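Two complexes are shown next, each including chain A; its partner changes from chain B in the first to chain C in the second.
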Partner chain A sequence: MDLEKEFGNLHLSGSTKDGLIDEKLSDLVDITELFFDLGKDLSPQTIIQDPGFNSFEGTHSLEVNNPKLDSSLISLTSEEERFSCDVACGATDVERLMYVTGIVDWLARFLVCWLNEYQTLPTTVLSCRYVEFLLTVSSEREELSYLRTGDRLYDQVLCDAIYGICYFAKFVQKLLKAGVVFEEEDLNFNHMGLDFLSYVEDQELILTRLHRSIDYIESLQSPETGFLQHLLKLICCLVSLENHLKVYSADTTELDNLIEEAIYLEQQRSSECDPPPGCFSMGIQKRLSNQFPPKHLVVPTWNYKGFVIMAQDIKAVLMVDKAASMLEAAQLASFFNKLTQRHVVARALFPLFFIRDDERVLGRYSGFDCINLHLTEFCATTTASTTILSPEMTPVLQEAMNIMFEWYQNMAQNTSRYRQGYNRQLLLWDALHAQMESCEYEIASQATGEESITKTGIFMPCSSWVFFMKVTAMIEYVLKGFDLEVYKPFEAFAMFWYSYYLSYQQESCLEKVHEVIESKINSIHSLGKKIKKQKNAQKKTELKAQYRHLMDNNMESLRTNKRYLSYLLMHGSIIKSLSLCEVLQFSILKSFGVIDNKTSASKIFSNDRLLLELRLKPFSSIGVPELLTYEAFESALNDLLITEPMISSKLEKTLDRISKEVSNALTAIDTIKKCINAGDNNGLLVTGTRLVKEQALKYYDQLHASAKAIELNNAVITAKLGRSKSSSISDKFTVRLSIPNDASRFFPLLELTNSTKNKRVR
Partner chain B sequence: MIIYQPLINNLSHFQSLKRLIDADLSEPYSVYVYRYFLNRWPELTFLAFDSESETSDEPIGCVICKSELHRGRRMRGYIGMLAVQSDYRGRGIAKSLVKKAIEKMHQDGCDEIMLETEVENVAALNLYENMGFIRMKRMFRYYLNEGDAFKLILPLTQRSCVRTTFLDDVNGIDIL
Partner chain C sequence: MDKLRLPDFIGSTLHISLGDKRVLTGTLMAMDCQLNLLLDHVRETRLDDGNQRLLGLVSVPRATISSIKLDRDTLEHLCRLRQEFMRQVV
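What follows is the complex of A and B.
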């Protein structure tokens, strides 16, 4: 290649015999002129044509002499340049105390900037000269090294605090390396080539030294030491956090202490001390290996409440340890990160705490137990046990377990990745569904009893569960798009219609399972009647024993299943009703010409069919439920349009239907909320939300607000549009998707706005 | 009058293009990014010139693109950068540049055109969405400035609407 040939000419005449450059400055050869001279022969056209160099490489590449990309060009102040870690800053004891307090305070607040505000390590914690110095020196010796300024506050207290902070950072690094959250996106761990205490295994060592420093500060008996003492106590709590991963501790004592210390520090704004000038700088980006463009330091706000958020979110994760059933675990996973994105440490911890290193769930259940429980909690032991225990099912259940683990992991992802995770899962659930159905059908066909026969044919409980999970994933993927503002108003019809269609499919599946459970319950009850009628004493005794056995072993779980299925049906009915309301409001707006389901964009390159098919691409390969065609969407909307004659009465009918659906949704929401409040042992429904009661209630409150907003929107639409069509209306109004206060982001409102004032949507 | 030309045989404009784009983009791009696009796909970079300006040979706008086989299955055009000098904005120059680039990529057999843009960049979103692009996904904290991005796609053929896994490869052989 020309390029290689040209690079080949770029050799150094001054290099040493073994090819390495001597580190002594006097032996270095100035090649600047030679370099530029040889560079003249390079042809620009031959550069960057290597197939291995892609756009990712390009956008991550740095450039010498480009001030935006070359961190060696960073200019430091003279104080930053001259800053030495060998000297204790501060002329008096009090000044030195203030400086050390200031440094530790900044480092603590930088942790919040780093983790809560997604900043980088070099612009926060690593911008501290002491952190850089101590990590460098310690890693050379592979043991904790200390400053030697002659002042104990620096040489001991500051060092102990820094090692505590770095030990916590090491824990965060471990979470990141586990691959649950994404580097740069969720968390930046640009360590600048520094080793974050990989040689320190012993948490106790760090804690003991922190405690000795706390004792030392206490011994100073100075009122100015209070703030620093609390800072050190806060760091102790941070060091202890690794126990939730190391020994899977669900004990929240240290988290409660962390909250307490953070609240105390938050209130001590008046104790703020400045760190010594030059102590924090961009210097590390200039001095050490830097793969990123130069970035200015963050100015830390008074952000101690950030630790409270982290601790509370970790506590929410640890609640899963109290799950009394897989349903409760799954509901915790569903709700804990649903409405508000949780702290990155909590999100990273969740799957690792839930699925342990040995692949045991919460340390209690094997993967098989886990999937078995999921299945039986959905469709009862009596309906699924025979199938589950069949050897043919083992590989299928193994696959189900893998997908379920992925499902749990996805729940902790950031809000955007969450939707993408479902996109990937759709294929997995669909493949599993086909596999499960085939296997289960085979097993059911071989069964002699009437166990699995229903009015509509063979009942396949495990496949029903997979189908339910698949359709739930599809609905979640569709509606999450509204939350992320992925759809334009013209797409609202298709997405809500599809969500309605999926909810309908889901409802049919759940009704079938519900029916089977109910028939099981009824058959046990009918056994009681048979006993009464039975004249033969021996047969009567046998029947009584059978009845007792079924009542003792099956009835309770069947009743629980029934109540859980009732909850799922009721939840599904809310989604179905609200989706239908949105569809109907869209149809009214389209009938009046203020919105269309066709794009208003130029069609020179594409068309509406392609746009819809692209939008539905994630579902294009799904076997069941079958993807609706472009024509099916068109026909559905056409059927709903309000046309002449008798527009007014047709409009009234549509509005009535919306009100009825809203009313259905509100009734279902109220029932579910009552049952969440009453608990699973005291209500009509089993919701499994005991551990996430607050979040679940908030979720349903938001749906309630959406339903109310849709109802109100009926009145707004009719007030603005009137009850008869007019050609000028379409010029007056436009439609945007808006989220009313406290309403669900999954069901934005089709809001009519004045087109002259608001031409741009969103 | 605004004149549009492809970059091909006009590599002398490299520095002007870099200046034009560096002035606006939030992401600092190295020389290698420009070289990557311009050296490999010079025919997919289009420049706009003001023939009535005193510096009529200096581009006042540009779009920089590439096209590649995506996962071995689909030809994907990609709009990497688009910039118009601030005093020339609001005259439809960006739209014309993008249109020219898409036309070229379409002719070259692309199944779809893809790009990313900041969620907050309403002007860019309007421009692309008015040309038929739709938002496929949102990407959390995608840019160095910590902003989210939307990935936008304009489907040109039916192949754009099928999951890559289920597409025949470009030679017509289905691996499934």
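What follows is the complex of A and C.
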């Protein structure tokens, strides 16, 4: 912080320090000759360095007198050099209006370049001389300062617009500082040591002044002012975005206004005005503290629709406020950023809006409520609630809450961080699973009732949920690797086989929970039969009361649990079937010799076992489900290979199996889609996707396309390879992982392509 | 002063004048056999307009160096340290 201040103050104080510099220099001793003499006899390999200095850091240094690295060498045109903020550019009123419009227009479009197109502040907004000047002067006085050109358009309107833009940038800076999104990776906030209005607390002040300027422009009654008016209105909307974080407003009025203004401006291309010459330049990179090489300015395209994207993505985030259950909130988190990476502002806002400063979820639930709801929405209300309320569970639930908060935060990460986040979570879920299981077992053992006893032993609802979350994270981590194109084709078998294995484990867990829920429902129903059979009037009354209580308090949630679990089972079956299809297609291709699960790379420094173990390293310390060994993978593949005799009929059998799995997946997808469309109150399943219906449908559409593509691939493979092995086939074809149009990136196709080299590629 | 060795200057704040009216002031972190220097926490001062700014980690090729200066107190301190070191060795 102090360093930042020092950075900020340097350029201000520098020009007044001439005397001081001379005085300091006079206290210095010239050691040039000594230095160079000492260096005469150094051997060529000599490096003298500070013991704490890492030479690698040296690669990031800026080299003086190198035009590519030395920002002091930036050459400015005479207009840029001489540009003065004390004079209003433009000879006539109209020309001045055009210039001010041009500057504000560029600044607005630069915001889109900065936020939507990952550009830097110095090459966009901060390249404006007025922005640099006003921020510098204002931070000196710690209050908003204004230009003094004598022209109200400059002295008021331009300044108000710039302060509005900077206030919005301050909001973005606040989002960045919250640590949800990452500097450089998601967003660049190189403020060049300038203070972005830290001394302005009052949003109203900025808004009032913007409205004052809108009124003034209106009063000019000139047709040329329309564009500028809309620009100022757009800036007002940007300033108001802060409310979503400051007061956690879920009101989307200003976002709708922003969309409206952006659409209007997008259509006004003909109103484009040029800013005054020299107003935008690389000068700030040369003048102010700067640890980066020179970068040319961005040329802003006509990009007002970028604001629409931002506003719509923020609206998608704010929808979470309407979540009627934690399931709906979790589904929104799962889907909102899954298929396409959302705008950085929306992604940064999501966790901050969802988990408030006081750690209350959406301002409505405590952390404990949140985890309690997650658990009870997943599995039997009665059993879970008994367990949850045990004091022994408190620290475990606290841990569960922390991991769940991390899970929510991870959902808003950029696509690469998302997978990394799951990697980090795996161990947390695993540790929680062990902790939860031991705690729950203890509680269940002490319990006298038979509530938690099932055919297969003690039922542990909370541990089942943790296990489900853990395995889901594992599957997501594995399949996300395909989306990020992390795997080579030869690795496809191992990763899909592992995903199949995990889906199987997940299915077993869900079936067990489903069974318990069903037995609870049945036991309530059987109570009704007991009542009918009961002869004793008093006992009958007691049973009736018990029955009524259970029907009123538990039955509905049990039925919801059951329908939700049916959805999870169906979703899991899609992943399982598609993974198996991929595995089987791989086995066919390997049987014909066109691919292998071994690397073709040099084995001097590595081997296949090491490569597989490295790939599965994130799972190596997971207790349950146990990690498959290298031998297990090898044996699974060998069992699936099609070998002599009767290759043709064995091939047919494998192809049939694939078709059957595809058909299962398609049926499940169709059912889920119908239920998403019908809503949770009207279908066979509870999907919790009410708030992300469109995204959820698109996700299942993509899985549908993948299933279809896999089916088609069967035909392509048999057409190309024939139904009997031939030694020449392996030289003719190679396999690549490709993603068909509109298909899921989690299930790329093992596509046979003609080999360009007469060599087997793995 | 003639007893000083190059490693003694590591960690010292050097004032390096470049040919183009710029002075770089920063902590010497490393140098190679050609006396290309690596300075950290560099402050650039333009002598023509007095403007100062921070640049961070900067590499200074020998060919760009006009002069290297060191604060008198620091130099004396370095000399004392070297003498003390020599006494201990002897």
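One rule holds in what follows: the second predicted complex is superposed on the first by the 699 of 762 C-alpha atoms of A that agree within 3 Å, B and C clash if a C-alpha of one lies under 4 Å from a C-alpha of the other, contacts with A are read in each partner's own complex, and residues count from 1 in each chain.
Heads up, the rule we're going with is that contacts are C-beta pairs under 8 Å (C-beta built on N, C-alpha and C of every residue); 3 or more make two chains touch, one makes a residue touch a chain.
All values reported here derive from a predicted model rather than from experimental measurement.
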Looking at the overlay, what does A:53 touch: chain B (first), chain C (second), both, or neither? both
When the two structures are overlaid on chain A, which partner does A:34 contact: first (chain B), second (chain C), both, or neither? second
A:606 contacts which: chain B (first), chain C (second), both, neither? first
Using the touch definition from the top, say if A:62 reaches chain B (first), chain C (second), both or neither. both
First, second, both or neither for A:639, with chain B first and chain C second: neither
Thinking of the overlay built on chain A, is A:288 touched by chain B (first), by chain C (second), by both, or by neither? second
For A:72, is the partner it touches chain B (first), chain C (second), both, or none of the two (neither)? second
Would you tell me the residues on chain A in contact with chain B in one complex that are also in contact with chain C in the other? 44-49, 53, 55, 57-58, 61-63
Going by the contact rule set out above, which residues of chain B touch chain A in the complex? 11, 14, 22, 27-33, 35-37, 39-40, 66, 78, 80, 99, 102, 106, 112-113, 119, 122, 126, 129-142, 144, 146, 148, 150, 153-158, 160-163, 165-166
Please output the residues of chain C touching chain A within their complex, sorted ascending. 1-2, 4-7, 9-11, 15, 18, 20, 22-24, 28-35, 38, 43-47, 49-61, 63-72, 75
Would you tell me which residues of chain A are touching chain C in their complex? 6-7, 10-11, 13-18, 21, 25, 27-32, 34-36, 38-39, 42-50, 53, 55, 57-58, 60-65, 71-72, 193, 287-291
List of chain A residues in touch with chain B within their complex: 44-49, 53-55, 57-59, 61-63, 66, 68-69, 118, 184-186, 293, 414-417, 419-420, 423, 427, 484-488, 491, 599-606, 610-611, 613-618, 620-621, 760, 762
